[in-house]
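Chain lettering (A, B, C and D) follows the sequence in which the chains are written, and residue indices restart at 1 in each chain.
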Amino acid sequence: MRILVQTEPFDATALMQGFGAGAGAVVTFTGLVRDDDGLVALEIEHYPGMTEASLTRHAQAAAERFALSDVLVAHRHGRIAVGEPIMMVATAARHRREAFDAADFLMDWLKSRAPFWKREIGAEGPRGWVVAKDTDEAALDRWTNPQ
Amino acid sequence: MRILVQTEPFDATALMQGFGAGAGAVVTFTGLVRDDDGLVALEIEHYPGMTEASLTRHAQAAAERFALSDVLVAHRHGRIAVGEPIMMVATAARHRREAFDAADFLMDWLKSRAPFWKREIGAEGPRGWVVAKDTDEAALDRWTNPQ
Amino acid sequence: MTLDILYFAWLRERIGAPREQIETSAATVRDLVAELVARGERHAAALSDLGAVRVAVDQVLSDLDAPLGGAREVAFFPPMTGG
Amino acid sequence: MTLDILYFAWLRERIGAPREQIETSAATVRDLVAELVARGERHAAALSDLGAVRVAVDQVLSDLDAPLGGAREVAFFPPMTGG
């Protein structure tokens, strides 16, 4: 298991080196800053200490729930320019269903339970804080209230 | 869109270079040969011509259905040693749900509709052909018969 | 008409060849199968359990009732196991 | 007891500081919020809409009724928007 919280860009290739050795299925998710409405960058604030502890706890929970052989979460904070990766999740399992579901679950959890807050930066300067979406909350509910 | 069908190992890093530029979400799935029951390698046979045509058609279908900005499918054939990647799917979209679902859909389709057949190779030599699983058929049905 | 018939995986092994060319006037895949089965033991054995056989006509997945008018290539193979 | 109070994102901006240390005998988060609101306009404004505020006690997500006995650090922040 590997948890990275950093301001620097991460090197996905280096991170994935040897990841999932022995597994049958590896899924990665990468979130990037989209070029929306003239956005120049995102600025991400986080809660040092709580961030690392909660990412570790939830990566472990995902590993147990989905029988993962490996899991990785990397998340940046600070200023991140349009086009750059913000975060990455990787999961390794014997079969594809578990690898997909674990990555999906970790993303839903990260979106609304990990202590990160985003602010948009335009050419004119900082804009407002990004407001949490109800759909993110609903997405997380899927994992506790299966239909 | 990029479709690769080849015997050589593929370089995931090189393939992913520039993939999904402008997207907010990139998902990759990699399938690897598992070290099951003393397996040494898989041998994959395919239907040259039909393979490329059907992979292209279904990558296009996934791109339309899930509004992908980019999609990649790479699949090897011939002999593939334990631990090596067999195939890879990558999807890029604005949001994570579409990128996840498109990769998931393409994998379900690949497992039971792309013209590939696998044979297991043990230390003692070739074993039998891998039998198609009912669960793979059921997985594909999810996309035509939503619950 | 002249048809290229292709076989893959264990169907190829049972037939003993990856492809053959035949002259046929079969109207459907089902008619073609009947002609092939009549060719001898290997063909009969390979095509005995049609529930375990998939077919593509001109590289498009098809079924036993598919018409063969204008077709150039018919392939028989087991259910696919890719990915 | 002595508590470190942390603020993030727009709560930090409205309070005007990322953290402060206070002496309190508040039994629950709700009691603590009442004490903080009484400190002045900035605190009152930042904590006026508790539906839009999340809380962590000793770095674990919590709620207004959580007891503070033994706690060392309480953080207030908006709903998270990570990933």
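Convention: a residue touches a chain if its C-beta (ideal position, glycine included) is under 8 Å from a C-beta of that chain, and two chains touch if they have at least 3 such contacts.
Just so we're clear, the structure is a prediction, and the values are computed from it rather than from any experiment.
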Centroid spacing, where centroids are CA-atom means, of subunit A and subunit B in whole angstrom: 23
Subunit C and subunit D: spacing of chain centres that average the CA atoms, whole Å: 72
Approximate Å spacing (C-alpha centroids) for the pair subunit A, subunit C: 49
Overlap residues in subunit B, where contacts from two or more other chains coincide: 31, 96, 107
Multi-partner residues of subunit D (at least 2 other chains): 83
Arrangement of touching chains [line / ring / star / complete / other]: line
Touching pairs among all chains present in the structure: A-B, A-D, B-C
Subunit C-facing residues of subunit B, complex: 31, 44-47, 49-50, 53-54, 75, 86-87, 107, 110-119, 129-132
Subunit A to subunit B touching residues, read off their complex: 12-13, 16, 20-35, 83, 94, 96-97, 99-100, 103-104, 107, 139, 147
Parts of subunit C lying in touch with subunit B, wherever the complex brings them together: 6, 8-10, 12, 56, 59-61, 75, 77-83
